[in-house]
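Quick one: the structure is below, and I'll ask about it shortly.
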Amino acid sequence: MSNKLDQAREQLARANRMIANEGVLDAFGHVTMRHPTDPGRYLMSRSRGPELVQPEDNHQFTLDSEIVKPIDARLYGERVIHGEIYKARPEVNAVCHHHAPSILPFCISGMELKPVYHLGATIGEKAPFWDGRDDFGDTNLIVAKPEEGASLARALGPYWMVLMRRHGATVAGTTLEELTFRTIYTARNAAMQIQAHLLGTVSPLTAVETELASEYNLRPGPVARAWEYWSVRLDKAEGAHRAAKPSRRANKRSKPKRGRTR
Amino acid sequence: MSNKLDQAREQLARANRMIANEGVLDAFGHVTMRHPTDPGRYLMSRSRGPELVQPEDNHQFTLDSEIVKPIDARLYGERVIHGEIYKARPEVNAVCHHHAPSILPFCISGMELKPVYHLGATIGEKAPFWDGRDDFGDTNLIVAKPEEGASLARALGPYWMVLMRRHGATVAGTTLEELTFRTIYTARNAAMQIQAHLLGTVSPLTAVETELASEYNLRPGPVARAWEYWSVRLDKAEGAHRAAKPSRRANKRSKPKRGRTR
Amino acid sequence: MSNKLDQAREQLARANRMIANEGVLDAFGHVTMRHPTDPGRYLMSRSRGPELVQPEDNHQFTLDSEIVKPIDARLYGERVIHGEIYKARPEVNAVCHHHAPSILPFCISGMELKPVYHLGATIGEKAPFWDGRDDFGDTNLIVAKPEEGASLARALGPYWMVLMRRHGATVAGTTLEELTFRTIYTARNAAMQIQAHLLGTVSPLTAVETELASEYNLRPGPVARAWEYWSVRLDKAEGAHRAAKPSRRANKRSKPKRGRTR
Amino acid sequence: MSNKLDQAREQLARANRMIANEGVLDAFGHVTMRHPTDPGRYLMSRSRGPELVQPEDNHQFTLDSEIVKPIDARLYGERVIHGEIYKARPEVNAVCHHHAPSILPFCISGMELKPVYHLGATIGEKAPFWDGRDDFGDTNLIVAKPEEGASLARALGPYWMVLMRRHGATVAGTTLEELTFRTIYTARNAAMQIQAHLLGTVSPLTAVETELASEYNLRPGPVARAWEYWSVRLDKAEGAHRAAKPSRRANKRSKPKRGRTR
């Protein structure tokens, strides 16, 4: 078990750094995952820029977002975003909260985010829009109280991504790998939608296309392929590339079966 | 012959990594080339991000997109895009399928992609628009069945680039070097067309200008010059630059003749 | 005291390089801070691109913007921007003058810069607009004379950021770390506002939200977290990352207290 | 004399690589300078991507754009752009021809490029617009014949930058350093003008402001400061930074005088 936990903390640190390296996270935002063997807990870094998160920064939290073993370091203020979603959605095992430059224009203008290409279909049927002011009036916009987290989780409902008015987005996944894929490709989709909007009429995927394309792209094969890509890019950016060139072994984790495609 | 094949696999791997390094490919998309001595086969990587493709990842496929010697690794799902174009167009020796951020806005809005500067003239006379829904209704948007590949190849017709509705583009070339040139410069042209559209009226090249500029820029000289440039940039990005500075030898492959210009 | 001064010169050099590394400063612009023990002086580099500033480049100036110990090197021409603001605003301890690509469009079009997300709330209540032509007619746009600096300082008034017509912006902070945070996040906010404008109606934060979010984000915790992040990114860009990996010690300066959040 | 020539070839190679490193040049385009001691000749690289140009690539050409000592390597096709401008404008000592992504939208849409901030004032009074079709009808858009170069030089007239319809721009300077400054900052100005256009009304500098700001920024001090900055950035990008950290000596070339500013 301790082995599984070590591995989870290692992967979670990589996911934080990978998503930051792709420009979706900056000094703020966070990626978490449910504890690999105890569904009543989740793993989250102490407060620091996600691009800097190391395995040992990841600590255990209860679903009420209390740290299990108190530490002598600052914690993220918006833990309840994660805790309340894990509570409400047992099938969710990873969550990312971010302020990506391509997503914010939607949060500011109220324009609806739509899947505009197959990889953006991972948005799912709909990305609901949450305005904390509806429930709580004028605040500092930070989602720090349990009731604020619960309100956001209700807005997310059965979907996979929720836009937060003048703040950012929160994305969920059934696995850390799926979450990483959805987080990055929904941000890419948003950038393309803005550019398409500038050219004229945006024609999004149909509901059926969205469902089929999302299903197709979230299979283990494409998800592992994207993870390997972002992982090698991270290694390059960190200068770890030259010292230890990514070997085929890096790919072994998800042993591919012969004859499967894409 | 084995030597020619080794060289082809090496160049194909570089083309994949170069086009990715220029931001046209990301975790998805693929570059292939026709087998250097057997026109009934083509070379394609096993399934992985194109930025990671190594020479030994490139395997042989029949034009029906079946692997010649089955391997114990995942294959790309959209092989038929390549196979069906090689079948339909004997003069095509290299194909790239991608989802470049500057091209997608055209695939989403339906705006016509036009050559707006001499290097973009490599689009050719026209970049037709293919909507898989016309033939196949709602799908996952992936071109995986032979009939889907054949439909796309028909849409490409005698042209060199086809836009795919809410999906991406497929580009063809008579050589791998020409393909690389066309793939990157059509993506650059698209970005410029969007910006020009924002400023006012887009005034594209005339048909005659397009033909003349395309012919001029696709001569061996300009194509080799661009290849060398992207190749050195790739070496820098991979950290291979410092170890082995690009010497003049790198340029020898296409021995320049005295007095020729540009 | 000499120790405090050395530390200040070191931090000021880092702030110059960090803000440049984030794309807000280029060959021009400058960051200064008030002398750590003598409020009648400020520290500023000799004239060079801020990305190149080293601790020993930082010299002492009186609030009349005269160098204390003359040196054999070129000085910045726009020193009075800093000196006049330090004179007018005793609580200001750091100033940045820049020409960020995302801010200039506001300076050129006259569009009002508004806080559009919580991190942009650091703009404060308002970013006034200064047009030197009102007081001085046609000039070379450079703020080099004491009366020009004083005019700009009056336009800034009690606020934290002033836009300068067809020129750039000047940002103030109570500490160097706060200034760095405000400078970078107001530039990010500007980029998001432009994109949101393209999508439709820009809906900014309310006055109360702005006040609360600014207060929240400028606490020592978030400010130190962002500083660490930009600092590590600078180390990576300078190649210092591999030689000396950022240890936890880098974070010690602002010893976090247990139980505090975000 | 041979020493002056060696130095010129070295500086010219750096200017090519610096301008490319700043994203203004890609695989195509070129920077040249007049021979340092023989005004009837100019120096230009053999045909290769400007980012790759080394000192020994630079050869001598007559003002009729014939190479002085024929070499066994491909030459640029558009030499006459440079030769004809050196003929027509004795005070011009450096020329850059490029296809920068921020400039092309103006060449495509016909929108007038205007100085919108002090550094962009280096455009000068006006950037005329040349359409080769007026004199030569439909061509491949390449300026390769002496009469085409002469036509372009006439369009440039007494100005410092000429936009070329659906092709790019040509920029001139009295020194290589001034040319580098004007080339990069006019491209930056163009990007800002596009963004300002998106926000509403573009309000450019007045004629007097343009003249004063251009004069101010093209003095040796600012020009040397920008050159040092781009030069160090190039060293970083080429990995030469770590081996040989830029010392103060790098700055000595243009010995600053005490008391001079900016």
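We just call them A, B, C and D in the order they show up, numbering each chain from 1.
Here, a residue touches a chain if its C-beta (ideal position, glycine included) is under 8 Å from a C-beta of that chain, and two chains touch if they have at least 3 such contacts.
All values reported here derive from a predicted model rather than from experimental measurement.
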item	value
Shared chain contacts [chain A and chain B, defined touch]	none
Interface numbering overlap (same over half, different under half) for chain A and chain C	different
Chain B onto chain D, rotation angle from CA fit, given as a multiple of 5 degrees	90
Remotest chain, chain B as reference, centres from CA atoms	C
Centroid distance [mean C-alpha coordinates] between chain C and chain A, Å	31
Whole-Å separation of chain centres (CA-atom averages), chain B against chain C	44
Overlap residues in chain B, where contacts from two or more other chains coincide	197-198
Chain-level touch network, classified as line, ring, star, complete or other	ring
Set of all touching chain pairs, with the criterion as stated earlier	A-B, A-C, B-D, C-D
Complex interface listing, chain C residues touching chain D	26-28, 47-49, 51-52, 70-79, 99, 101-102, 104-111, 138-142, 144, 166-168, 194, 197-198, 237-239
Chain B contact footprint on chain A (complex, rising order)	116-119, 121, 188, 191-193, 195-206, 208-209, 212-213, 215-216, 221-222, 225-226, 228-230, 232-233, 236, 241-242, 246, 251, 256-262
